[in-house]
Structures are given as C-alpha cells and as structure tokens.
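Notes to accompany the following structure.
Which chain is which? They are A, B, C, D, E and F, in the order written, and residues in each are numbered from 1.
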Amino acid sequence: MPIVTVQVTREGSAPGRNSVTAEEKAAIIKGVSEVLLDVLKKPLESTYVVIEEVDLDNWGWGGLPTVQYRRQRVEAAKS
Amino acid sequence: MPIVTVQVTREGSAPGRNSVTAEEKAAIIKGVSEVLLDVLKKPLESTYVVIEEVDLDNWGWGGLPTVQYRRQRVEAAKS
Amino acid sequence: MPIVTVQVTREGSAPGRNSVTAEEKAAIIKGVSEVLLDVLKKPLESTYVVIEEVDLDNWGWGGLPTVQYRRQRVEAAKS
Amino acid sequence: MPIVTVQVTREGSAPGRNSVTAEEKAAIIKGVSEVLLDVLKKPLESTYVVIEEVDLDNWGWGGLPTVQYRRQRVEAAKS
Amino acid sequence: MPIVTVQVTREGSAPGRNSVTAEEKAAIIKGVSEVLLDVLKKPLESTYVVIEEVDLDNWGWGGLPTVQYRRQRVEAAKS
Amino acid sequence: MPIVTVQVTREGSAPGRNSVTAEEKAAIIKGVSEVLLDVLKKPLESTYVVIEEVDLDNWGWGGLPTVQYRRQRVEAAKS
C-alpha cells in the first residue's frame, strides 16, 4: 500500500509551457506505480501517488531561491 | 505535540460543491484533535492540524489519475 | 482517498510506558478514519493512516529539544 | 543532502501584507541552509528547501481553525 | 530538482524476508528517478529519493491496522 | 505556527561518529526556530521542528543509493 509523493517545481518542461501538463502528470503516476509493481509486487490499485507542484519562489537550492541559483550556476559555467 | 496532516482531493462532498467547505475543515480539525486527546491525552492546544487539498489531476490511484481510475472502476462494476 | 499522517513523540501515555501501544495506534487509526467518513463521506477502505513516532531528541519546540522545553515551562510555572 | 520543509500559514508578517514576500522566502531559504552548513557541514548546494504556505482555514490549532483559536486566546487573555 | 518520497510498509516482498532489501531499494531509486528523467527531463543528479519504511502497526487501512484489515479482506473473499 | 521538517542522512558529521549527535540536533532546532523568529516574527514557542534521520540505503541521489553516487562522483573527479 505504498504512497508516493512527487514534489516538483511548478514550471514547464519545454519552452512555452509554464506548468506540468495533465499528460505528464498521468505519465508520472503510471511510471512510479509500475516501479512499485515491478520491484515490490505492489498491485497498482494499492498505490497512491500525490504530485505537489511547488512555486519557484518557494524552492531553495544552494541557499538561494531556485531561479537565482540556476542563474549563478550558468554564470559560473561561463567564467 | 502531535502534528496531523490530512491530504484529500480538492472536490466537493455533495453535488454542487467543488471543494471542501470551511465548515467541513473545521469539523476535521476538531475531530482529529479530539482523537489525540482521547487516545493519547494530548491537550488540544498542543496539536497542529494541516489540511492539504490535492487537485484531482495530481492524485494517482491504480496507476491512473483519480478521475480515470474511478471511471474504470464504475465500468468494471457494470460489466 | 485521504491520507492522514499522524506525527507524535515516541513516549508513553502513562507512567511505565515508553511508547505508543498497539492498542492506542489502532484507536488512532479507527478514530481519524471515522472522522473522514463522517465529515467527507470517505469510505473507510479508501483512507490510509500513517503514524510516525518521533524520538524526543528529534522534536523541537520553543527553540529547544522537547524535554528541555517542557522542563523550562514547568520551571516558569513554578516561579 | 538535507531537505528542509517549512510550513507556514499564508499571511503577512506586517499590516497590509497578506502573504509571505519573496524577500522573506529568500531569507528563510538562506537562513535554514546556513544552519545545516554550520551545524552539520552540509554544503549549501546539497540542501533543498521547500516552503509550503497553508491557508489559514486549513491550519488547525487547539481543535479549531487558526483564526478562531487566536481569537479565543485573545478573549481569554482579556478576561 | 524533484524530491520523491516513497512510503511502504516494512515487510518482505517474498516468503522468508521481513523487510525491503537493499537491492529492491536501489531498484526503486533507479526506477522513479528515471521516470522523472523520461517525463520531465529532470537530470538524475537533481532528483532526491527518500524511502520511508513504516511498521505494519503504524499503517492503517479500512479503519484498522493493516494486518487486521488484510485478514478481514481474506475472510470476506472466502465467504 | 510554523512546522519545520529537517530530513538528513543518518551519519556522523566527523570521523568516528555514525549519527547526528544530540548537541547537533539541539543546534539545528535552535537555528531554524530563530530563522523563523527573525524573518517572520514567529514566536519560538509556536514553532515545531521535526528531524528525520534517513538511513543511507533509503536515500537516493543521481538514480543511485547515496553511498554509490558519492563514490561515483569521487571517481569522476579523479579522472
């Protein structure tokens, strides 16, 4: 009876998108549920998957909000 | 000093509603806090309750988004 | 399809006990599941309850580990 | 590789504000990441911080929604 | 920078085992990380996976501790 | 009334230690509680901190259990 919680930033996976699409969410749900079926033999109907989309401002990495941290890494890579 | 987290789908409990009402939230908070008072003698003022409403698209069950899984179960029940 | 997570300190509810008993856990599970049935009409079999027991050292309150904070409050109450 | 989750009510820290500001979020991210660097020597770039803002209706304390519980405490303090 | 939390009961996936094996944990980590790479193009090194094993006593389903609920379902299926 | 959850691997911060010490836990609790006091003016006594130590086998990074991923990074850095 697994519970899988997937936390991702609320942003698009391609230019022109600004959130995870319903199709992508369905693919994540299917994918992780099948991992638990394959590895632990957990029937699909006993697995709950909860996707939490987190605003970019609310996700920190490297001591900074994500957008700033990514910019810093790009700058560092250039120099 | 318990913390109780209640995750539910963001939908109504009756026709014409599309979310959990403030009254229902208050009843959940009261109910679970009293369970911890009754069973573990935790004073009400030491219990925090956090309700997380999850969009239907973001909740997976049976390897599918919830709406599709429910439809599948209804179909199966009919046949 | 609610998920209820109950976090409590790992300690007994009465002298001579040092953890939550299996009977108390069963009562918590029954109690919170019934709250969701009563308030939101969620069938019992669709609710998962996860109880997490947290060591006292690992729970902070008032900027202190719980045991120290409780002692401080008792001292304050005496003075 | 710590993960720090900060749950706070969605409200302002000063009159005229009704949410946590981007600057406050950045300060929380910086602050907690530095605590883990100082205490456990975890490099900043290995720490993720997730801030979850919870609507006041969805946060319970003292067996009541937060706004009601705060009002009750103010009343009690007056009497 | 996804975070995936996988909660499962602490029990074996085959007779003679009483917990999830290190190999199974590695397979879960690999599997769910690849789902996020495939679906959202998240690089493997940006995904954290946390597996939480929950004692059977601490997991409730159907308003009962899991072991009792499973027994009840087996009985119901027989009758 | 913030809740701060700190998830770290169960390992020592210096040679000869194999877990987070009680002093380190107290320092984390103090540190993060003070961040919330400083930034959001949350009184210390309204903040709960929960520290979750996660076994190394149960923490994945880069699609691998942590120990393997760290070894891989060390190898890569050498070549």
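A few notes on this one:
Here is the rule we use: a contact is a pair of C-beta atoms (placed from the backbone, for glycine too) under 8 Å apart; a residue touches a chain by one contact, two chains touch by 3 or more.
The structure presented is a predicted model; accordingly, all values stated were derived computationally and were not measured.
Chains that touch both chain B and chain F are the following: C, D.
A centroid comparison over C-alpha atoms places B as the chain most distant from chain F. Interface comparison, D-E versus E-F: the higher number of contacting C-beta pairs is recorded for E-F. The contact pattern of A-D recurs in B-D, the pair among B-D, D-E or B-F where over half of the contact pairs coincide by residue number. Farthest chain from chain D, judged by C-alpha centroids: E.
Under half of the residue numbers at the interface between copies chain C and chain F are found on both sides, making the touching surfaces mostly different. Averaged Cα coordinates give chain A a centre that lies 18 Å from the centre of chain E.
Chain centres here are Cα averages; for chain A and chain C they lie 30 Å apart. With centres defined as mean CA coordinates, chain B is found 23 Å away from chain A. Shared contact sites, meaning residues of chain F that touch two or more other chains, fall at 1, 3, 7, 28, 32, 34, 48, 50, 59, 61. Of all possible chain pairs, those that touch are A-B, A-C, A-D, A-E, B-C, B-D, B-F, C-E, C-F, D-E, D-F, E-F. Partner chain B is touched in their complex by these residues of chain F: 1, 3, 48, 50.
Chain C contributes residues 22, 25-26, 28-30, 32-34, 37, 44-45, 47-53 to its touches with chain E in the complex.
Those residues of chain E that touch chain C in the shared complex are 7, 54, 57-65, 68-69.
Residue ranges of chain B in contact with chain C, taken from their complex: 1-9, 13, 20, 24, 27-28, 31-32, 35-36, 38-42, 59, 61, 66.
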